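Chain IDs A, B and C follow the sequence of writing; residue 1 opens each chain.
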Amino acid sequence: METVDAELYVEVQQFYAAQMPLLEERRFEEFLETFTEDCVLEHVPFGWRFDGREDLLKEMSARRGDAEAPRVAETSARRAREENIPYYNGLVYRYWCDRLRVVPAGDGALRTRYQAIVSMTDAEGKVSFEPTTVVEDELVRREGRLLTRSRTITHDSARWADKIHNPS
Amino acid sequence: METVDAELYVEVQQFYAAQMPLLEERRFEEFLETFTEDCVLEHVPFGWRFDGREDLLKEMSARRGDAEAPRVAETSARRAREENIPYYNGLVYRYWCDRLRVVPAGDGALRTRYQAIVSMTDAEGKVSFEPTTVVEDELVRREGRLLTRSRTITHDSARWADKIHNPS
Amino acid sequence: METVDAELYVEVQQFYAAQMPLLEERRFEEFLETFTEDCVLEHVPFGWRFDGREDLLKEMSARRGDAEAPRVAETSARRAREENIPYYNGLVYRYWCDRLRVVPAGDGALRTRYQAIVSMTDAEGKVSFEPTTVVEDELVRREGRLLTRSRTITHDSARWADKIHNPS
């Protein structure tokens, strides 16, 4: 693998360090401003795909819930979507990443790849983890700032969407 | 978020990579030499606050225990303090961090922010996790070296101090 | 601790970001090309030591299993070796690292140190963790590329090899 220079690598690290806490804090509009208008986010395997900021905002607003709300009954990602209920109620969820790779892709665009795991901490302090994933992003530069143009999340368990989320 | 240059970002990463293992290895005096004399460390919510190296040394010496000692009975952070007993006996605890942000704050001082989770590995190899946190530090430079002047640890569970620590 | 410059630190980060996913993906030959021919890998405490790429390839081929295979019955690292059976069948395992320290060691060699934990995600999405470790590597440069000459993995639980792996 070719090595990118330190300034670019560190810029990308700081981009994610600013981007992902916005999602954790449910600041969806600000989070989506770190994506391009025509962004695409896709879950593999399963095919859930969101096209553009509007589509993502609708999904996140419906699903991400409220850390202060009572916990939802046991459900899975698939059921939460079918029943159109939130998913992370009563939980603080945080993304943990590792193995960031950054590959320049021409035109100032970058391809990145990293592994990620989501922790969920509930009101009592119980910690649980979602199945691990590998994430591949395409980043572009607009007016000097990095933005995510596409994100593909490949789950390490093919049945991730049926797993009981945060089991008691 | 503005981006700090790579040299400074990497220096801060290496500062933490040297600082935190000292705490994990119970080398408290050396750990505290990475803090200013007048340091402040505070847990939120709850208000436990330690002022200065002496205060921190007293707390850590009483609470951090010994990895080689037998495990303590199930207890919580609050009970361990009330009963003045150690907390991490029989455990190797390690800090895992992510999403480091570094913001220059004038006078060579820095404000940093990162999320952290503590793993506990017991003699049998069981791994458990403490509730997730967000940590905000103020770092200053003294004779060329970075030191922590203040640390605020915001716990993601309001009841973190009552949680049974490393449940069996 | 002395501070290495950002370019070298980032190069080492990217070296590991390329190396470890090869092991996770069971691409053993490619993984071993990131080690020197005369590499040494040792587990402490326990004394399992592998000398050279051939020895490591034999061990990994016999033990690492297949993510698509059915899960093995409950076993430990020691039993899997005694019975010469794979260990990670039915599992996606991923390495998570933190606290990377890089110290130049003369002749272009580097000594690195980091903590590591392995997550295991099974087909149903269950996540478990192996006991934490501290890893110390010696890296050398050959024809411009970094290679691992030695790796010592110190386990935080003395009984790690007897622990039931991925308990149900």
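Please note the rule applied: a residue touches a chain if its C-beta (ideal position, glycine included) is under 8 Å from a C-beta of that chain, and two chains touch if they have at least 3 such contacts.
These figures come from a predicted structure and were not determined experimentally.
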Copies chain B and chain C - rotation angle from C-alpha fit, nearest 5 degrees: 120
Copies chain A and chain B touch via same or different residues, half shared test: different
Length of the line joining the C-alpha centres of chain A and chain B, rounded to whole Å: 27
Per-residue overlap in chain B, given as positions that touch at least 2 other chains: 6-7, 9-10, 96
Complex contacts: residues of chain C adjacent to chain B: 1, 3-7, 9-10, 96, 98-102, 114-115, 117, 129-132, 155-160, 162-163
Of chain B, residues touching chain C in the complex: 6-7, 9-11, 13-14, 16-18, 20-21, 92, 94-97, 119, 121-127
